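First the structure, which I've put down as structure tokens, then a few questions once you've had a look.
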Amino acid sequence: MINKNFKSIFQTTDFSYKAADVVIFGAPFDGTTSFKPGTRFGPNAIRYDSYAIEYYSPYLDRELSEVKIYDSGDIDIPLGNTKKILDLFGKYQRKLLADNKLPVCLGGEHLISLPLIHETFRKYPDLVVIHFDAHTDLRDEFFQEKLSHATVLRRAHDFLGDGRIYQYGIRSGDKSEFKWAESHVKMNKFNCDSLQKDVEEIGNRPVYITIDLDILDPSVFKGTGTPEPGGITFKELLNAIYTLKPLNVVAADMVELAPNYDTSGVSTAVAIKTLRELILTIG
Amino acid sequence: MINKNFKSIFQTTDFSYKAADVVIFGAPFDGTTSFKPGTRFGPNAIRYDSYAIEYYSPYLDRELSEVKIYDSGDIDIPLGNTKKILDLFGKYQRKLLADNKLPVCLGGEHLISLPLIHETFRKYPDLVVIHFDAHTDLRDEFFQEKLSHATVLRRAHDFLGDGRIYQYGIRSGDKSEFKWAESHVKMNKFNCDSLQKDVEEIGNRPVYITIDLDILDPSVFKGTGTPEPGGITFKELLNAIYTLKPLNVVAADMVELAPNYDTSGVSTAVAIKTLRELILTIG
Amino acid sequence: MINKNFKSIFQTTDFSYKAADVVIFGAPFDGTTSFKPGTRFGPNAIRYDSYAIEYYSPYLDRELSEVKIYDSGDIDIPLGNTKKILDLFGKYQRKLLADNKLPVCLGGEHLISLPLIHETFRKYPDLVVIHFDAHTDLRDEFFQEKLSHATVLRRAHDFLGDGRIYQYGIRSGDKSEFKWAESHVKMNKFNCDSLQKDVEEIGNRPVYITIDLDILDPSVFKGTGTPEPGGITFKELLNAIYTLKPLNVVAADMVELAPNYDTSGVSTAVAIKTLRELILTIG
Amino acid sequence: MINKNFKSIFQTTDFSYKAADVVIFGAPFDGTTSFKPGTRFGPNAIRYDSYAIEYYSPYLDRELSEVKIYDSGDIDIPLGNTKKILDLFGKYQRKLLADNKLPVCLGGEHLISLPLIHETFRKYPDLVVIHFDAHTDLRDEFFQEKLSHATVLRRAHDFLGDGRIYQYGIRSGDKSEFKWAESHVKMNKFNCDSLQKDVEEIGNRPVYITIDLDILDPSVFKGTGTPEPGGITFKELLNAIYTLKPLNVVAADMVELAPNYDTSGVSTAVAIKTLRELILTIG
Amino acid sequence: MINKNFKSIFQTTDFSYKAADVVIFGAPFDGTTSFKPGTRFGPNAIRYDSYAIEYYSPYLDRELSEVKIYDSGDIDIPLGNTKKILDLFGKYQRKLLADNKLPVCLGGEHLISLPLIHETFRKYPDLVVIHFDAHTDLRDEFFQEKLSHATVLRRAHDFLGDGRIYQYGIRSGDKSEFKWAESHVKMNKFNCDSLQKDVEEIGNRPVYITIDLDILDPSVFKGTGTPEPGGITFKELLNAIYTLKPLNVVAADMVELAPNYDTSGVSTAVAIKTLRELILTIG
Amino acid sequence: MINKNFKSIFQTTDFSYKAADVVIFGAPFDGTTSFKPGTRFGPNAIRYDSYAIEYYSPYLDRELSEVKIYDSGDIDIPLGNTKKILDLFGKYQRKLLADNKLPVCLGGEHLISLPLIHETFRKYPDLVVIHFDAHTDLRDEFFQEKLSHATVLRRAHDFLGDGRIYQYGIRSGDKSEFKWAESHVKMNKFNCDSLQKDVEEIGNRPVYITIDLDILDPSVFKGTGTPEPGGITFKELLNAIYTLKPLNVVAADMVELAPNYDTSGVSTAVAIKTLRELILTIG
């Protein structure tokens, strides 16, 4: 008769970490956000509103209950201390990988991906990163800082090296980033047209997926700090995700939902469904 | 029983019920809404904002003044008493059908369609229902209740029987609903691709049209209680409506506008234009 | 390192019902709301935002940790079936009273108080009700219904009888309600001036407290379905609560927070602090 | 000329102009608004939301049904032509006064009062104006224009002359306005303290009342184009209105509600209750 | 006359008018807006939010710094005096054309284009107007006025004559406007399909471009007074702009952003990017 | 270092730093905000909306033009690096003090006050701090960090020592803070009652004023990250400011406006008027 509150649809193992294959955790950090902050509220918005969404995907004819998922909640962070915060995220990622879980992190701003990719790279030195985003995130520094949401993939390149980052949907950045990208990463501007071919090329190498939800057009996803018109549709994002099916995905994240900027709740619903389809594809 | 209030562009007969061919009425009920209520404000929002919309459709080259329309206002309801409320809606539908009007009801949540379909079925036993929606609405019960917005088409199936319900745009529901649908209704998932063919199949049988506006993608229609990303575009909905032209439509409804969740007014504008095109097509 | 999500500040007993003195539960029902629905989201909004509020009251120099509180979550309800829903609320109240807990229910609309007062009355036949509200809630029926947020205290009077209901802050109702009140209840219009004297008069009789938060002026509490200008200030409400200190309070509720109508979150913060002060006073 | 639309609680004579003592009409003009426009939506917001407010005032123990009120709707206006618009308002005021009605106009911005005061002055040459406002509105010109919401009382002074305008609640203007006011009008800065004495002084001279709702503190009334913190409370405004009881009020208006800037609806509720109490006091 | 204020990304010449090739100015007028006003805030919203947008266009591989742009701010206007305001806009346009600048004006409502087109026509008598819009704007009068946002292209036709106005994206108007258009202007309903061919036809005649942003679908652009569902996508608008590349553009404007109706800021971001691409194409 | 942008009413010296007595600058940092971030937008919101506010104070009968004020804009900050950011703020404060300006800083979150108070203390070792706030801000650490908006006054105490901090309006904090305060600072809980007496006690010692706007009740000031019901009114804050007149104020700040949480703009108007009255009192 009594409904224990705030169970999300992404918790299918009755609160047992041990039994889980996929472990979700929140990285509620938005400390380097340059325009409108608020992605710290992303993970809990996803949990909170998820009970309005179905477990079942008619696209994939599969239910969340078919995957063993544990949601370990948000990581507590010492506000204002960027380096210490990133270390905490990395430390938890390391634990998950050591325990042979498939980590799925919910941001937070995009910088949270850096320690996660780094830890994943330490376990899988031939790691490939698949990056969905409106922005290049390839600056060498931003507002005089090396660690920023706008530098995150450039920092990842520091240890991954050339040819290991595949980017899709990119439509914003400064000129130098686009030039730099030409010889260091594989960038698919504006859309995901080359994804199918790239997936074949990647083969069975270990893959980290990072989805910056602002790859979507702001018509359907306005709950983010720097909306960029001209993005892909929700259906295009779903199709891109389904294309990832053959890959050997070892970790993933989904970032940049700032739920308060979309009071209609649509952006949160979009994030929840994207997460559902992602887990049903890679889990 | 009828509470007379707003003049809108959907009132072309100078307040004379008798002279009208099409009669609009509001069913402002949202009592079984499971997530965000507020569709009770739908009909009046449509009337209130309609004066910002043109009478003329450049798509159909036809004006509302070419159809005799009477708007009888919203039906007064005893709040909190679901059964009594549904009976009142059914009773008014019966009167309209007896007077040979073409009833066009504005919801309210989707459950309001149940008594309307039922009364229409009583007059036209070979009735076919064309159902535009994001959701299957085919549960047998929902939160332990037989009467719910999530069961409405299942309840209609109780008296209509197999093969009489045609569904379009469906992208959400639980697994059992989709399985059940396979042998009982004709479901076109995700889009309206089979509509043209279905219209030919239906021929001149009497048709009830029920449009749950959440068939639309929330990018253009966020003013609803449970937005489902991945919907059809406004142009696709218009085209679907124009496809209905050859049918023998005997009643229609349009439901699930919850105007307060879209403070920009766009969702209400979408509902008004959909209603205009619907009436210009079937009226 | 990992913060288990969604623990509210109103949960001080490590999730043990047995050890608790005060038991909170949510009654997320808004089915008879006549204007703007949404109080169903009240209890979870209180839990969700509570982590931004301190445990400690500088007004009372007391902390929530000094009271043993268990939050049993929201009661699952069969949407659209008013009678069945009220029965579920009553049934849980009966259990709490049987287990010698102090029940504190979070609405929902005001009608949820009816089964709670009734069950409390069954245990304490000499029960007195202290009612804070903008509205009389004394109609005999409302929109043709006996069970409504607008009739709730009248229904309570049906079994309590004359002189057992004390009302404060009342500033809205129809004429007949105010007339009827003169000979049946003790009404303090507009403010709480007579409360101190009434508390002395009540002495040690068992007391049920029902706080409709719309007693507050909408300047500080706009997150409610029918805001009534001219209400009391937050400080006046706190002072009224402190005045209740000497009473023998056996149950309480706090209703009518509709958080979505105040996107600033202030109304929810007001509800949380009111609840904190209430529990620190009666717990 | 008159565009008939909504039924509200301010319509007690079954749509008969002839039988009415008080005639309400809307002047939906905001063409000279210098900051945030939108008062054109004020009158209809009042009508639309009024059904959530009671007919009965517990403050005055009187009901709207005790006054014969007709609501003639909003006046249709040629958008963009200030002078023509003001003439239309004046023309209708003249008709109402000729028919011995008590006109109560709903703005619109404050400039709409000018033709109304002028016509009232033409019938009652010894007219006194009681002006509630946050702003002096005494500029001689504003942004190079003589006709402006910021000059309206100065323009009224052009024909009324010295000592005929009583101002209350004023807390904003430029220095020269305050200086000019000293020798030409009677200004009560910040509050309404001198009102009681002024009412005695005015005696039975004919009185025009103009209430700019921004006299209220924006805590309770934020739905206006230029909110000015430091205003009076809703209770203080009600008390001011009750103080007007002995006067010979021959016309009134209430202006500057811009409902879209307060999505909670509180400002509109404040306007409705103010109008109710005003009519119950002077009607 | 010119009120200097914000620095934005559209200011690349260090505040020197003389050095500039393109001169931007704001025409913050919304005095004839028939539904929801607020376009007066358009130009400053564009400046204010522009710092969140990149200088570089990956579509055109060109940066704003490659064009010499001066932003002269908004023109101060005498509020409420339509004619005088239009004259001020025209006067500034004349100066810019005399100084051989490329004027790019930011509205404001669409009526502001009238004096600008007129002055441009006076310099270039064989001027052609390319008009992107949801609305025909071809009424002869609107609410009894000749000067209105709804008549602006009709007024331009008064001096331009037949065959000089090319319209794209039109989907709303009254029947008579569409009929009149058939013999007087070249109208491409619903989309921009004929643009490529028209550009070839226009050849090197001088061209004025007027972009009413409501040509866009309200899913991506809801910050406007009269949103019209069924519009083109952002990508379609960009492609249309790129198609203009071969033309001899002598002046341009972009109108009808009303930023307050889209609190997410997406509409403003859309306007900024459209302006960036427009300037990078024609500048 | 300084990013010049908006002209506001707080710029009375024609952009000349040298001629100014009062220098305003923005510290747009919200990196340790624990609940809802966004105070980074505070300074520009104040500048942007200020043109809707009068230069003249009828309370003080004084105009801003009587004080020589220069607004040096916001300080550019390396996002995500708390320590470096605070150093930049301190460095600019040092320069202003060296140039004998009266610095008035606009936050940002409250932590920005720390380097400012520190630099002021270095120049004036007998500095006294007057602190208006809802929160004690006296934690020794917060979420494991020494540098936080919640520790700022405690950090100031580290160098100021006992008896140098006067606090007003405090109504939130944890128990240990209130206990610690008893022997180290002078705290006036809930209101400003002791201010008049304290001003006399302080005499002509140098004074730093820090106004956290959340001292105000959220009814009038909801645009802040952690609204605390039970605050003082706007009039009470003005009166407190006027009481400071006799003091030797050497620097001031005003923090915690997060304008996006109050879409009505009232909070920003409150901040602007508070700043105007503050400068007219101390400038």
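All chains are identified by letter, namely A, B, C, D, E and F, in their written order; residue positions are counted from 1 within each chain.
In this text, a residue touches a chain if its C-beta (ideal position, glycine included) is under 8 Å from a C-beta of that chain, and two chains touch if they have at least 3 such contacts.
Here the structure is a predicted model, which is why all the values come from computation and not from measurement.
Common neighbours of subunit C and subunit D under the contact definition above: B, F.
Here the chain-to-chain distance from subunit C to subunit E, counted in touching steps, is 2.
Just one of C-F, A-C or A-F has an interface built like that of C-D, with over half of its contact pairs in common by residue number: C-F.
Averaging C-alpha coordinates per chain places the centre of subunit B 38 Å away from that of subunit C. Subunit D has its Cα centroid 55 Å from the Cα centroid of subunit A. We define each chain's centre as the mean of its Cα atoms; on that basis subunit B and subunit D are separated by 42 Å. Shared interface positions of subunit A, defined as residues touching 2 or more other chains, are 34, 36, 76, 217, 219-220, 263. Judged by the touch criterion defined above, the protein chains form a pattern that is neither an open path, a ring nor a star, and not fully connected either. The complete set of chain-chain contacts reads A-B, A-C, A-E, A-F, B-C, B-D, B-E, C-D, C-F, D-E, D-F, E-F.
Partner subunit F is touched in their complex by these residues of subunit C: 52-56, 58-59, 61, 63, 217, 219-220, 234-235, 238, 263-266, 269-270, 273. Residues 30-34, 36-38, 40-41, 76-82, 111, 142-145, 147-148, 260 of subunit A are the ones touching subunit F in the complex. Taken in their complex, subunit A has these residues touching subunit E: 34-36, 170-175, 178, 189-190, 217-220, 222-223, 226-230, 261-263.
The touching residues of subunit E, counted against subunit F in their complex, run 4-7, 44, 48, 263. Those residues of subunit C that touch subunit A in the complex are listed here as 1-6, 25-26, 43-44, 47-48, 71-76, 88, 91-92, 263.
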